[in-house]
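Two complexes come next, and they have one chain in common, chain A, joined by chain B in the first and chain C in the second.
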Partner chain A sequence: MPIELKLLDDTTDQAKAVNLAQRLITQDKVNFFLGTYSTALVEAQSTVAEQNQIPYVTGGGAATSIYAKGYKWIFGTLAPVANLADTEMKWIAEQQAAGAVPKPARIALVWENTSHGKDFRKGVQDFTAAHPGDYTVVTDESFALDGKDFSAILSKVRAAKADLFMVDAHLPDFITMQRQYLSSNMCTKILTYGARGTESDAKAALGQTGVDYILSAVWWNKQLGNSGLNKEFVEKFTAKFGSAPEWYQALGYEAARSLFTAIAKAGSVDRAKVREQLSSLDMDSILPGGKLSYPPAKGGQADYPFVVQQNLPDGSSPIIYPAEVSTGKGVAPNPACKG
Partner chain B sequence: MNEVFTLAVSAILLAGFYSAMAYGLGLIYGVLRIVNLAHGGIIMASAYLTWQLFDHFAIDPFLAIPIALVVFFGVGVAIYLGLVRFLPRGPAGAVQSLLLLFGVWLVIRNIAYLLFTGNEQVIHTEYATSSVRILGASFSVARIAVFGVALVALFALHLLLTRTYLGRAIRAVAQNPDSCTLAGINVERVYVLTFGLGTALAGLAGVLASALFAFTPSFGASELLKSFVIIVLGGLGSIVGIATGAAVLAFAEVFSVYVVPPYLTSAVGFVLLVVVLVLRPGGLFGQRVLR
Partner chain C sequence: MAGFVVALVLLYLAPVVLPISEYLHNIVGLTFMFMAAALAWNWLGGFVGQISFGHSAMFGVGGFVAVRVTLALELPFLVAWLIGGLLAGVYALLWGHPTLRLRGPYFSIATIGVGEATRLIATYWSGFTGGSSGLSLPLAENPTKYELYWYGLYLLAAAVAISYWLRRSRIGLGLLAIKEDVEAAGDVGVNATLYQDVVLFLSGTVVGVCGGFYASYQAFIDPQDMFSFDRSIGFILMAVIGGIATVLGPIWGAIVFVIIQEFLLANYSELYLGLYGVLLILIILFEPQGITGLAQRLRRRIRRPARPPAVAATAERSTV
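Our next item is the complex of A and B:
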């Protein structure tokens, strides 16, 4: 079946994202949507898809709020951000069991005031609640996007004598906060900014020493590509674009692949039939766990564990958790901390 | 005590950036009575210019300041001569100027999207994460440098406005343009130079922002809003008032985390704005003319 792809740039503008979605329906008469990136934009476009009953598959919206509206036509390849926090906490629990992290460990939890940040906070809270006595949340603060000064929050974290500094932030706030964290000579035993830290932009902004030992968890990493579907994807992508794929490209790839799989199974471009196929999909995948499905119980959001990485001083960022896919060993506590 | 000292210094350093951010908007409003909605777009464009100079020619952001000042002075003069001068003066032109300059902002933003995409850009200098210790507390070298530049800009502007013929002409036009015409001052030329100077100052803010923050083409919106809060707090049309307004906003934001959740600190400035407008409509310092 021939596929025609119409690519439009929404310039990360919510109004434009909605207008373009409307245009694709009314003018271009598209059969399906492959969604945009970021929670706010996906939320806006998914409403258009729901109103027009068009299957909308996205690799760019992770917040559970997107999938909690009872919509029937949205399918997301990004697992919930709560899983990100949960996977990181599982690695931290291993370090705690090995005596590398104090027990109870003092957690400074700082999160952006968005559904993304709230999901991260929930993941940490759920884990700590399930492990009474192992952790104490000593700071629990949220911040608005695009902050210009985090000195007050950092001051609270310092005063709380936190062992684990767990932040959920998008790239601009991560850079601003980490610069202030470093210039105020703070050092916590474990430091994470959620999914941030391993990307090339982070190293470009902060230098290698500025990102050393930062812990991060992502939906996918090219180091998963040693065999099978992953190997095939990484090789084809690298051959076509000249650089290895990042997680957001892998998630976009899986979004498209799952839609095409559903179309093939439906045997037509009938929207209702394709939606049914997406709802019951269970296909082999490049994602951690090796399977991709869109469980209706989760509102169509995929559900799988993350991979945890840590930046090391040699410039590498091996996968350190889960053990079955790890490519290196993590370090805790942060050796850069004096004393 | 040490924590209060650390936060106070952090607030002062933040006030430096905030004041540099608002000088241009305040100067243009004080003289032309125009709220330059393209201000945020100019800040963003200047950040990109600085990034390009750093990326292609390894020019440090602080050394790029003279280049940005010259380039954006020219941009300001071009915007004035090509667009703003055709607007009616006084209240009749107020809404039109808002629409026109908002349109200019949108054009600048979309050009940036076309040229640089929506990806975050950032400048990493050797001193980006360096610190110096002051009375036992560590502070960012980059933020101290930004504060220093903002202080120099404040003194330079003060000297320009009080010690030069052009400055006296600007202040005179801000008070009464009609009388200035009768006194032989070329009011139109003062308007051109003021708009150019105000735009150059927005360019300066963009350079300083690029040394501290990541940016995209949508950068500048919150900077415009905060600049507006600052010039209203400081008294519309007062340069020293702007610096003080910036300090008030910065201290309010930094110390408010002990009263309200940190995610609400951005709103503190706007609450302050409403309170000041109700209690002291002329601003905290009440100046009505540029000085």
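Our next item is the complex of A and C:
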């Protein structure tokens, strides 16, 4: 079946994202719709897909609120952000058990004021509640998306003498906050910005030492496998674009691949039939766990484990957790902190 | 006035009679809303001469109040828009009553502050606005984009009627006097504070209703979009392109604004902002009255009778 891809740029603008979705559906008469990136935009576009009853598969929206509205036409390849926080906390708990992190550990919890950030906060809170006495949340602050100045929040974190600085941020906010964190000579025993940290853009902006020892949990990493689907994806991507893929591209790839699989199984481009196939999909995947499905009980949001990485001074970012897929050993506490 | 009524009837019937695509139908419906909002901005910015860079504040307040009212009280969307609009009008008075004492650039600077402060408050007031995550409207109770075409038309009709009324009424004359010289207007008995408050309230209310319409159209709103500075600039651009301080100019400005946006949006997503800038510079330099001024000039040129050569020569000599 020949496939034509119409690619439009919404410039991360919500109104444009909606207008373009509408244009694709009502004017260009596309059969299916692969979504945009970031929670707010996916949330906005999903209403257009639902109103027009067109299958909408996205590799860019992780917040559970997107999938909790009872919409029937949206499918997301990103597992919930709460899982991300939970996976990071499990690695931190191992370090605590090994004596590398104090007990109780003082957590500075800083999250963007979006569904994405709220999910991260919930993940940390649920974990600390399940481990009484092991952790104390000493700072619990939110910030608006696309912030320019985080100095007030960073001052609070410094004053609270936090051991763990746990932030959930999108890439631009991560870079801005980390730059201000470094310029104010802060250093915490463990530092994470949720899924951010390993991006080449961040290294380019902050330098290698600027991102050293940052912990991140991601939906995919090329180190996950050097065989089968993963190998095929990494090789094809590298040959086409000249650089190795990051998780952003991998999730987009899986979003498209799952849609094509559903179309093939439906044997037609009938929207309702393809939607049914997406609902009952259970396919081999490059994602952690090796399977991808869109469980209706979770509103069509995929659910699978995360992998934790840490940036090391040699420029590598090995997977350090869980042990069965790890490619290196994590370091805690941050050796760069003096005293 | 007859032309206005005929245009309304034609626009009302157009989707039923003409084979308009669904996409065009929806975009025209949204354009009606932009026209109404630009007209409402023009009452303050054009008629009174107080250029506001903060009208997105009323647009956002109207939109969020309408959504909250719909979600909490399950009121019909029209009632929700109206409540949103009225509260937006009250909000406009709240900051506008003291700041309207300022004139010219001082007032404009104050409105920038109001717009940005409102955006930040709305972003952090997540209990009401949903924060950066925004709010969704239940699709089942929301009017479809197809239906919104006609509601947009009603909104435009109301805004045009208010524009005519403001221009031709005693208040309109008072506003002209205030625009020329607020102190002199006071000397001849014009209550500048009251007149400006009335216009600001009307402007804020209609822009707030437009915010409610936009919320229904999008079925999802978030503070970054609703309260954005770009949105305030958009209202100004529409009025300036169409003809600031003219009765119907902002309508033509809104059409140009949407056409540029829609034609360039898909393939040259950043180019259209640059084009607005170029357009703005050209208008300010060569035609401050915008499209309306250009149309009037062309009309005068067409209607001007050809002068006999002898008369023309005499006239030329007399000017030397």
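The working rule: the second predicted complex is superposed on the first by the 338 of 339 C-alpha atoms of A that agree within 3 Å, B and C clash if a C-alpha of one lies under 4 Å from a C-alpha of the other, contacts with A are read in each partner's own complex, and residues count from 1 in each chain.
Going forward, a contact is a pair of C-beta atoms (placed from the backbone, for glycine too) under 8 Å apart; a residue touches a chain by one contact, two chains touch by 3 or more.
Note that the structure is predicted; figures quoted are calculated from it, not measured.
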Superposed on chain A, are chain B and chain C clashing or fitting side by side? clash
Of the two partner chains, chain B (first) and chain C (second), which one does A:65 touch, if any: first, second, both, or neither? second
Counting only touches as set out at the top, which of chain B and chain C does A:113 meet: first, second, both, neither? both
I'd like to know which partner A:183 touches here: chain B for first, chain C for second, both or neither. first
Using the touch definition from the top, say if A:323 reaches chain B (first), chain C (second), both or neither. neither
Touch test for A:5: chain B only (first), chain C only (second), both, or neither? neither
By the touch definition at the top of the document, which applies to A:15: first (chain B), second (chain C), both, or neither? second
With both complexes overlaid on chain A, does A:205 touch chain B (first), chain C (second), both or neither? first
Between chain B and chain C, whom does A:146 touch in the aligned arrangement: first, second, both, or neither? both
Partner chain in contact with A:98 - chain B first, chain C second, else both or neither: neither
Superposed model, chain C segment overlapping chain B, candidates 132-140, 168-176, 204-212 or 276-284: 276-284
Both chain B and chain C contact which residues of chain A? 9, 11, 13, 113, 142, 144, 146
Parts of chain C lying in touch with chain A, wherever the complex brings them together: 21-24, 26, 120, 123-124, 126, 131-134, 136-137, 139, 144-145, 218-220, 222, 224-225, 262, 265-267, 269-270
Which part of chain A faces chain B closely enough to touch in the complex? 9, 11-13, 113, 141-144, 146-149, 151-153, 155-156, 159, 171-172, 175-176, 178-180, 182-185, 201, 204-207, 210
Chain A residues within the chain C interface of the complex: 8-11, 13-16, 18-20, 22-23, 26-27, 39-40, 43-44, 47-48, 50-51, 63, 65, 69, 112-118, 142, 144-146
Touch list for chain B against partner chain A, complex: 3, 6-7, 10-11, 14, 17, 110, 113, 118-120, 122, 124, 128-131, 137-143, 212-218, 222, 250, 253-255, 257-258, 261-266
